[in-house]
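A, B, C, D and E label the chains in the order they appear, each numbered from 1.
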Amino acid sequence: MSERSERTGTEPLHAIDDGDAFEAVSETTLTRKERYQRLVDRWLLAPGRIVWSVRRARIGAGIILLYVILGLIGPALYKEPRTNQGPRSVAPLAEGLAYPLGTDNLGRDILAQIVHATPSMLQMIAAGGLFVTVMGVTVGTVAGYSGGRTDRVLSLVTDIVMTIPGLPLIVILAALLEPQNPIVTGLILTVNVWAGLAREIRSQVLSISRHSYVEASQAMGLSTPSIIVKDILPNIMPYVLITFVNAARQVIFASVGLYFLGVLPYDSVVNWGVMIDQAVSGGAMHVASMAHWLIAPLATITLLSFGLILFSQGTDRMFNPRVRARHASTTGSDDESTEAGGSAAATAGTGGGIR
Amino acid sequence: AGGSDDEADDTGGEITGDEPMTERTFTAPTSVLPDDMQWNAANDSNYPDRPGFVVFDQLVYFRATTGEFAEGALADWEVGDDAATLTLQDDLTWHNGEDATAEDLVRKLHISLYDNHPIGNFTSVENVEAVDDTTVEVGLEADVSEPVFLNSIQNMELDTPAEQYQDILEELENDPESTALADFAPEEPIGTGPFQYDSSGEQELVTTKFEDSHWADDVNFAEYRFRFIDGNEQAWQALRGGSVDALHNIFTSPDIMASFPDHVVEIQQPANWGLSIAFDHDHKHFGQREVRKAIAHVVDREVVAENSAGGGDAKAPVGTPTGIVGNFDDSAAEWLDDPDAFEDYAGNNTERATELLESAGFSREDGTWVDADGETLTFEFKVPAAWNEWVDAAITINQHLQDFGVQTNLVTRDDGVYFGQDLYGDTGFDIAGFWWSDGWTYPYHTLNWNLNSADAKNVYNYSESIELPPIGDPDGETETLEFAPEFEELVGMDQDAEETRQKINELAWAFNYDLPQLPIQEKVDQCFVATENFSVVDDSDPDASVKYPTTYLPRIGKLVAKEE
Amino acid sequence: MSGRIDHSESDAVATESRSDAVLTCRDLTVEFHMDRGTSTVLNGLDIDVERNEIIGVVGESGSGKSMFASALLDAVVDPGVTSGTITYRPTDGREVDVLELSDDRLRQLRWEEISMVFQGALSSFNPTLTLRGHFAETLEAHDYDVEDGMERTRELLADLYLDPDRVLDSYPHELSGGMKQRALIALSLVLEPEVLVMDEPTAALDLLMQRSIVSLLDDLRDKYDLTMVFITHDLPLVTKLADRIGVLYAFELAEVGRTEEILRSPTHPYTRALLNSTPDIDSPLEEMRPIEGSAPDPVNVPSGCPYHQRCPISTEDCATVKPPMEPVTETHDVACHHRDRADEIELTAEVDG
Amino acid sequence: MSTDEPVVSMDGVDVHFETEDGLNPFEDPRTVRAVDSVDLEIPENDVVAIVGESGSGKTTLGKAAVGLQRPTGGTVSYRGQDVWEAKKRFSNPSIPYDEIRRSLQIIHQDPGSSLNPHRTVEASLAEPLKKYQTDLGPEDREARILAMLERVGMAPPHDYAQRYPHQLSGGEKQRVALVRALLMNPDLILADEAVSALDVSLRVEVMDLMLDLQEQFDTSFLFISHDLSNARYLAEHAGGRLGVMYLGELVELGEAQEVLQNPQHPYTKVLKWATPSLSLEEGAAEPPVREIDIPDPVDPPSGCRFHTRCPHATEHCKMTAPDVRSVDDGARAHRASCFRLEEDGEYWESEPLEGAQLDEE
Amino acid sequence: MQRYYVERTLQAIVTVVSVMSLAFFLLRLMPGNPADAYRAELIQNNPQMTQAEIDHRVERKLNVIPDAPLHEQYINYVTGLLQGDLGESINEGVPVAEIIAEALPWTIFTMATALLLSFAIGVSLGAMMAYKEGSYFDNGFSVGSILFNSIPNYIVGILLIWFLGYRFELFPTGGRYSTEMDPTVALLEPLQTLAFLGDAVWHAALLIASYTVVAAGGWALRMRGNSIQILGEDYLRVARLRGLSERRIATRYVGRNAVLPLYTALLIAIGFALGGSVILEQVFTYPGVGYYMIEGLEARDYPLMMGVFLVMTVAVVLGVYIADLTYGIIDPRAQTRGGEH
């Protein structure tokens, strides 16, 4: 057969003799630092570069980052909202920068309220988003991947949960549990959102597990969890992210809505939804001089939601290996042309988020 | 702006008393869907109480500013030691055309007694009987002073014509446990009031002037309508847009009032009740007088009241906590012989508060108060979520307390849960928003409410007696004061007698010294009338303090239609 | 690129003499302007398509076959730019410059005169429209008589071994790949075009089906007097069908000639390599060998002869001077500097018959 | 490893799929008989090529052979150990399932989907090493992967190692898949249409590589193709066998050369006709079948399944299914199932079906 | 296929039953009860009513509240339900069915109008955006759609009330129709009917608008995505080559194929719209089922809440059910796919 291998001359050199390829060991070792650098590059810098390269994602990420920073260090930097810290219903900038967004009916600085409400809102959003994501991904992948009875049972549960009219259920749960902890509130607000994700992920998993590389992994005897984690999850990541964003929006919309309805209890900690409630019941809609009281939280919520959507629209690229390859510093350049346009998957649900 | 500062023009011109009859319609809001209304006040569902005020006549009306009673369905009354004689107006006619007689009043009183009306405290069915066509005599089983008795029948309306209620009364006589009364749901009311039911639709209830009513001469407009309006914002908008001519009673901040058309006037009436902080007297900390007092010193009631009123004057801060209403116009002090002897807990006196807490064994650690056992002085401050003014007040109170190092947390609660469970149920509270009077000016009521009522015992677990030093001398020798006998005595005492005044002073001192509750503010009801088509008297007229000006003033010609 | 101008001139002369060409392409070029440079995906193609012939175009993946097919109908996808000339000569003796046509005329030309079967036949139908709908709408769009047209459709389908009733009432997804492919061929013939361009019409099908379709096409050509351009990467498939074969390499024609000339005496080294690499059940075993190296990138086509990097007999010249297309015989043109040395590459695939 | 047992032996293997959406709820669910009583032994270091039309059950058969598809009937054994028996939780197999799993590998038809698009070549290849060569450190793993990449002609290997699948050509992807399978050191590799999707010029290259590695690693190959020329190329080179499948049945099996030169089953002849050659001869223009389209596998024809298309079918074929018959003797006997192999019998007496003829033209 | 129908129907029933049971018990677990809520209401409305009076009333209320053990109440409720009896509202004292029968048409009217409107607008806008992909038009409207999709619809509602209702007083901000209106829907009185319907639309306009604006953004984005995908399909290229008119391509090819996948979403959205009306109807004090949901909640009126919840659940289940069953008919591609969407 040497004759043939000679003909099969596509291999330019056989530096390593046939048998050795199988036994080859390395002569050098990577330093810890190098390996660390690789990890950082792969998991942090590369996604960052990708996000940065899409305008929508860049703007979205910027907005989200702004809120995160606001939530993290804002409360430390900006004064606390206090009753009677200023005159009542001061218009924005009316007194210079003393009350940049004005004050409310109790003379509290509105910017201060917004800033100090951010951490708990972010916690709520993160809790809701994580809950939905974890539940949805777990149930969806387990159902889709294991099939059979497990699938039927999980699918039925999912379908049922999905059909519960979300808002009324949340209203009842909120009244039932009277959550004060933002994390608990976040969970309640997304109590049935995960089902939609689970259903979607299940069908994605079904189609992904038809890919032959999944079968190849099975043939290699890899364990099911590792197949799910390595072969299936990366494919549904864009979807997961989008759902995370939708869940986050659901949290924002529903919490504000319920605070507004007065169904959710609130405590001394300020909250955007409570601000809207107080502004509306305080008559901000009636008096032009108090309009800022309502507009400020409205704009805050809208901007965050807007940022989240923009970000999610940009992020399917983050998990797209084609784009990844181009932004990985450790790999050589790639000549793949960029596919244009936003993705279809990134569109948000209809109906204003709450259903 | 609808300020009452401009005079004549604002109120839409002088009311001479002989305005000509017009075809005008006066429109006011109602929060019950007209289609759903039923007219039995004893039935719990969808009873339209505002419309009820024009269709039915109250037995007597109460002028809150002067504390006097004015005639309603009753033309005259007399409260003696063992009997009260009630005399009906002699021209009173039911909307179905029948004369309203003493029999009708007897029926009303009997039904009320079967329905557990508070006059049952003084009398029973057997003692109520008609003497002649217009007079009813009510035998009293104990001494009752006149204001106390009248207060108890004041909100009673003559609304039980034989046509609708005779059968029900008979059933109650046969079976006092019968639910016939509560189940009765007449779709059309029959009353004796100045307006009678005409029709109701999706959005509106129409009542038309009842020419045979006792008040007919003073009413110069043809219709009184009620428009379904839900929520304050909608109400303000309706008034602003002219779809209603009045709002009965809605708290409205100065900012919002500023958005009303110029022809809208505000009529303020003392509500004689307002927010207080109720302490759980069984609580380890709040059972301590020093802690309560410290809190009283820390909370700056003026700021709270102002915040709660949105910067306006609709909430009057309580001057000196004595358990007597009248902070609105300082009439509270008139009951006191020596107002200065009372502690006023004014301002934000943290020094005094610190002293008090330290004397009770507390110390301040890292800005937080900790008792001798190392427990933090902390509590959840519960308020009903939908009561916005209370929430605003509570936020402010909370702020004051936190600034002083008391670890408080505001908790808004669903109204039902708040009243049903936190106050009157099992969940309880540490400190909660409550009220410190129940709408009456006579000090007996308020003091009784705070020191001796079932609520005092059940809601905030107040004790039946206290150790009380002499008035004005908190450190003096104490004596035990049992509340129940004191009030039993006071109930029957003539309100003008000197000893009555003495007793009131003593009880007010008990209140001031021991602070069963901390009164924060006193509410002023705000009523709005658009004077484009109607004229109304200024709110300095005592009659304007009868509840509600929109329904009472037309009866006496003090809210009249302008000439068309 | 220096050689190109004069070669096209000389070629123009050479082709003038040729007789009845339905389509004449001169300097047919397709370019895409992209961020990283201009991508020339078809580079100065000169070719004639004779009336009633079947011309096969072969080449490896990415060599520009589909671009050529699209260019023939002036249907290169945006933002591709097609330049050069394509002259279409209908039977009435007119000459139509395809690339210069107005939109309306072009719309008419397509499908009525030159129609096309796509590479992705399986996705060439609107999934929510029955096949009858497809036929009818095509007829309507060209103002043909629908009734007559449907009659013809039935005949066409029957010719293609399909049951017309069943097929016409089906939605695309209800048909198997082979049936869809045949239906698509019928659809492309429904307006009785002169020329049928087929871009890998059988690539997705089974061999048996491929072979069957190829033999059907042969019948169709005779029955409907068609001229066909048959594009494929599968050389053996087309040898049974085509009268002539053109070999595309790197967006250019490497060799054109009658089928037997290409098979018997391939002159371009690439053609020879292609033949050598083609598995075949009849030829002796040892004789297949792959083509080394990989296809060039359309943005950076090697200078000179684009094949020189992979060519075993290339010389310095090949790397710099572009070989012109020159006739070997009257019917056989090749673009190679070393046409005489072709024999140096052993032709292992022996063609019998 | 040197037992006499064949690496894989399949004995009367059936794979039937139940399709769920029957129109009538009371009707039994319809069954696709994707593979029907197939016997096949694959000894060590052997190559078996299977050809057949799309839907004939090649893939299913192959997957059953490597233990990725559970047969509904019959047994599949790895060196004498029943594969599915070994997989059971509390069984005590003579060969642990893990080892069986490792020994039977697969390369898929579609190079595009055979590699996880989210993992670099290196990451994909490291997986089997991590699992089966736990003693290797990350550097050694990398070295081995690079060596293998170089071995299959992907140089420079560290460049390729860091690429994502979309940065590879089809041929390169197939090579990586091949390396992945080889890294498991398997006894049998199922190459399911492993070259069909590649450009013509690449096919030979990949097939040569497979042959090469088969030689070197003593691996057996089950090579599946719908293209007779590819199957022949591989099977003949390795001196292996060729099998022909039709609608779930293995209708002919024998030495590659023998089967091609002396096809016994009419279907094999059809396939041969359909395989284009570079010849200029106008082959029979009309296909030697009566019907171009393959019947629905859900409802396969009765009797001999090929009778609907067979140019020689008779009424007898419609009724009865032919048995497998050996054409010649020997260990790797050439066998086929067709009545025409019988000297005489009912077949020859019965009426040919419409359009069919008893004798060849 | 039939088996699929049977299974699907069973599943729908199971879903309704489970959701209802869950709701039944959750509701009763809520803190507070009708009596508490009633006490709150009494206190709020009658500051002068004495404690004794209030206690008396509350006690009387307690008599109305069923006090059988929970499981018995549940059985009673279910048996009632099977006989079509939704129970009697504790607070309103009338049968729940009556309240719902009266409120539901209004919610359906507003939500259906809003949904269909948003769908029509979103789909046309999305298709246009896709056709002009990358243009200023596309970018502008994409950002616009995202922006509108970022705002909860009730906030849009508040803003609309604020500006169009209060500021400019162009629209009423609550109620179903004008007081003066005589609700007539009769063929014999076309003018009055028309006037009435017009008035009803005018009253619902802002509510409908706030839902529409937000939802349309979502539809537009989805439609845009679908269309762009279809614009890249082979069959579209072939259709162009076949000389089909742009109009036919836009409608029969792009439009239809892009809209079909939205069909399911639309039906599901219709189902969820009832539940989604809760906050909006509250904001607009529009007495539909969502409004009564909150009314019921505030009064802890279990039967009323259950009734509304049931209606909302059934709507969702029905929407999903119809979507699942009919998708095959609507989209020929799905026919062979059976239950897998």
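Keep in mind that, in the parts below, contacts are C-beta pairs under 8 Å (C-beta built on N, C-alpha and C of every residue); 3 or more make two chains touch, one makes a residue touch a chain.
Predicted, not measured: the structure shown is a model, and the values here were computed from it.
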>> Counting hops between chains that touch, how far apart are subunit B and subunit C?
In response: 2
> Between C-D and C-E, which chain pair is linked by more C-beta pairs in contact?
Replying inline: C-D
>> Report the chain whose CA-based centre is farthest from the CA-based centre of subunit D.
In response: B
>> Centroid from C-alpha atoms only, then distance subunit B to subunit D, rounded to Å. What do you get?
In response: 92
> Between subunit D and subunit E, what is the gap in Å from one C-alpha centre to the other?
Replying inline: 55
> How many angstrom between the C-alpha centroids of subunit E and subunit A?
Replying inline: 27
> Taking each chain's centre as the mean position of its Cα atoms, how many Å separate subunit A from subunit D?
Replying inline: 45
>> Multi-chain contacts only, two chains or more: what residues does subunit A have there?
In response: 7-8, 10, 175, 178, 263, 280, 285-286
>> If I count partner chains per residue in subunit D, which residues reach a count of at least 2?
In response: 205, 208, 237
> Considering subunit C alone, which of its residues make contact with at least two other chains?
Replying inline: 289-290
>> Quick check on the complex: what are the subunit B residues that touch subunit E?
In response: 33, 36, 38, 43-46, 49, 115-118, 152, 154-155, 179, 182, 185, 201-204, 227-231, 234, 237, 240-241, 271, 273, 384, 387, 414-421, 424-425, 427, 435, 438-440, 453-455
> Which residues, counting only subunit D, touch subunit A once they are in their complex?
Replying inline: 66, 68, 98, 101-102, 104-106, 108-110, 113-120, 124, 127-128, 131, 136-140, 142-144, 146-148, 150-153, 155, 159, 162-167, 177, 180-181, 184-185, 205, 208-209, 211-212, 215-216, 237
> Considering the complex alone, what residue numbers of subunit A touch subunit E?
Replying inline: 156, 159-160, 162-169, 171-173, 175-176, 178, 203, 249, 252-253, 256-257, 260-261, 263, 276, 280, 285-286, 294, 298, 301-303, 305-306, 308-310, 313, 340-355
>> Per the contact definition, I'd like the list of subunit B residues that touch subunit A in the complex.
In response: 232-233, 236-237, 240, 252-253, 255-256, 258-259, 303, 307, 310-311, 385-386, 388, 391-392, 395-396, 398-399, 402, 408-414
>> Considering only the defined contacts, which subunit E positions touch subunit A in the complex?
In response: 11, 14-15, 18-19, 22-23, 26-27, 29-32, 118, 122, 133-134, 142, 146-147, 149-155, 158-159, 161-162, 166, 211, 214-215, 218-219, 221-222, 224-226, 228-229, 265, 269, 271-276, 278-279, 282, 293-294, 297, 305, 308-309, 312-313, 315-317, 320, 340-341
